[in-house]
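Some structures to go through are shown next.
One chain, chain A, links the two complexes that follow: it is found with chain B in the first and with chain C in the second.
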Partner chain A sequence: MALKPSFSTEISNLLYAAHGSPINSCIQCGTCSGTCPVANYMDQSPRRLIGMINADLKDDVIDCNTYWFCASCYHCTVRCPADIDIAGVMYAVKRYSIWHKTYGEDLVGPQFSEAFVKTIVRSGRSYEPLLAPSYMTHFGPKEFFQEVVTASKMMLKGRIPVLPPRIKRLDNFKNMIRKIIPLGESS
Partner chain B sequence: MSKDVQLLIIDDDPDFVEGIQSILTKAGYAVDVAYNPKEGFKALKSKKYDLLLLDIMMGRGAEGVMVARKINKDPVLREIPVLIITGIREQMAFLFPGQPIHPRFLPTDELLEKPVEPDFLLEKVNHLLELAKEKKSN
Partner chain C sequence: MKKFAYFPGCSLEKMASSYHKSALETTEVFDIKLQELDDWNCCGATTYFHVDQLLAYTLVARNLALAEKEGLDLVAPCSACYKNAYFTNEYVKEDPDLAEHINFALEEDDLQFNGNIEVHHLIDVFVNDVGVGKLKEQVKNPLKGLKIAPYYGCQIVRPRKNGEDVEDPQYFEDIISAMGAEPANFPERLRCCGGSLIMTSRVAALDMVRILLQSAENNGAHVIATACPLCQVNLECYQATVNEEFGTDFKMPILYFTQLLGLALGISPKKLGIGIELVSATPIFSKLLPKEVK
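This part shows the complex of A and B:
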């Protein structure tokens, strides 16, 4: 009979497909934090987050914004001397937080992820004008105006399409999604 | 119900597992638990189980579906009835709001949604075990 898993084991279980990436082999060298381009904006650095996961400080891990600020550049994963998939860990904690609904209401991350997945499932491509509302509301009026001006310029130059792009054979793609996610109209 | 009915739970949520495990143990079933799909599959291969209670959202996504499909492909494991207990609608509802879970996305499954009523769970488990017995005797 398996014992009730600790928080660190729960997070490892969420990395199930990432064999050979045990978070408990972290040597706390800090390479990840030194590499991270957004570490300055995080409550806890990636090194500390992994230390906290290993110490089973569940509430502190869930409460911090580190994993929502991760830009998924994978630089930490590439440079980790202990071969830990740190960006993967960030995604695992995100999944944990979303599945257990423990994230704060005012966070951009969950709303952005939701909007992103929705547009992908609907059209197979991401479309910035649909993604923008998930984070634009958090801007001040000046930044908001700046963003609108930049987006309009990009649209005029053809860098942002006016109509949402669609992939070819969208029905095939949607059928594939239905095979993976047993939700929605039955296939 | 005698202790020789062996159930296996594959679910990554320890608190939920604790709940249904105590319900099932109280009802007299012998219950084993695996907290990830890999361990669960190992357990299925190593011991004979009468029923599998399976979660969907595990690991990197809907890995429960993969486990169920793998079981379906295995001629021995295919005989085990599978009861899926999932909170997928809660977790992924934003993708297909208001739409149901595929009623029979796998040919062998029964499906319950979290949270589960204890009596309803026991009823479903009994029903599946009886169906499996009938199938065996035919």
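This part shows the complex of A and C:
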């Protein structure tokens, strides 16, 4: 049997090489958690998440909401004394969980991302009304109503497009994408 | 005349049409032409990076290649688009392997990208290509008495791009002073608005928006100026929801810096797309009217 890579190695391999220093150089100083504007809403703070990855606690890492609650604001990244791109690590764990389909059912983030990417792959442009179902179906009645009100107000001011936009050279565009990832369906 | 390839991004087509209009109007005053890229594609904000990194870079590179073909540097008014374009450009320059993979895919659209262009945010054009001094010379209606909170948000400043000051930038304040207005002290000016968490993690995002509005209000700002369509929508369109959730009573107008600059340059509000706000901007005008302006 070949040697299996550890979870921390797998995550490191998902990081683009030009970004910052290796995750295992973390000194657990907590600067990232202290800086993070979303930390209060995360199951595990960014510092703990990095520590958990380094300890190969794969299940605990995947199970927490931390990486899907990361807003990619890079505040932690620019302040980390060990020069770790923490926001980049969050992306890596997101990709890991999308590929392995291991994210929690109740999380909206992954479904929104998938809907967004699908819209763009199909038309070359994003289109808000096609994306809305991916997150609105997760809303309770009150949030759903608030969202409908906000959208209607924007619609009235002409701020939501009526027809989905698309690029002109769509066939070339799709072929370009096919060279990188399989497109699935018949698209 | 100076010419740039202009990448409006998806949100500017409708949701942020006022940013689009005011960007074109204000640059024109300084003899700068923003020539829209033909057949650009959505750069994917952050979501492509959740799925596949190479795909993300390739989709951004297609737009860069379109600009390079025209021989023009790229300007993006959306902070997220700007960040994506800036770093894809840098990585292609420094990583031949990445460039090769991207170009292999771009062939399908008869394109190629060699990293021979520069990428700027729209606000950079005013700061660096026009310059604060020139800006000031063209101001016809100084916005005296108006206190403007400069909202940088995240991605214009972060991650760090060639040596910029990520902890205490001042260029937004300088532009506001050039308009004749007063930059409000705004301690949370670099704090994230939540971005797409407004869709995916609503409770967290609304709280983040609340903190920003509170900080601006506490410091006596009459309006928050933004340089990103996503920030604008979060702060403005979700203000009513914030008020409902937190029992607050914010009525903070949120305008693009180009709209405020346009007013100072003497451009009519209509041409700047003023009037399609969900939070009325009229209180700003009553602040300005008593003076000899207009």
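FYI, the second predicted complex is superposed on the first by the 172 of 187 C-alpha atoms of A that agree within 3 Å, B and C clash if a C-alpha of one lies under 4 Å from a C-alpha of the other, contacts with A are read in each partner's own complex, and residues count from 1 in each chain.
Going forward, a residue touches a chain if its C-beta (ideal position, glycine included) is under 8 Å from a C-beta of that chain, and two chains touch if they have at least 3 such contacts.
All figures in this text were calculated on a predicted structure; none of them were measured in a lab.
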Which of chain B and chain C A:D59 touches, first, second, both or neither: neither
Touching partner for A:K4 - first (chain B), second (chain C), both, neither: first
Which of chain B and chain C A:V38 touches, first, second, both or neither: second
First, second, both or neither for A:N13, with chain B first and chain C second: first
Chain B versus chain C as contact partner of A:I180, first or second or both or neither: both
Which of chain B and chain C A:G124 touches, first, second, both or neither: second
If touched residues of chain A are counted for chain B and for chain C, the larger one: C
Touching partner for A:D83 - first (chain B), second (chain C), both, neither: neither
Contacts of A:I98 with chain B and chain C, given as first, second, both or neither: both
Overlap of chain C and chain B interfaces on chain A (superposed complexes): 16-18, 95, 98, 114, 117, 178, 180-181
In the complex with chain A, residue positions of chain B that touch it: 12, 14, 17-18, 32-39, 56-63, 65, 87-92, 94-96, 99-105
Chain B partner contacts - residues on chain A that touch it in the complex: 1-2, 4-5, 9-10, 13-18, 95, 98-99, 101, 114, 117-118, 121, 178, 180-187
Chain A-touching residues of chain C, taken from the complex the two chains share: 10, 13-17, 39-42, 44-55, 58-59, 62, 91, 94-95, 101, 104-110, 154-155, 158-160, 166-167, 190-192, 194-197, 199-205, 207-208, 211, 237-238, 240-241, 244, 276-278
Residues on chain A engaged by chain C in the complex (per definition of touch): 16-18, 37-38, 40-41, 68-69, 71-75, 77-78, 85, 87, 91, 94-95, 98, 107-110, 112-114, 116-117, 120, 124-128, 131, 135, 139, 143, 146, 149-150, 153-154, 157-161, 165, 167-169, 172-173, 175-181
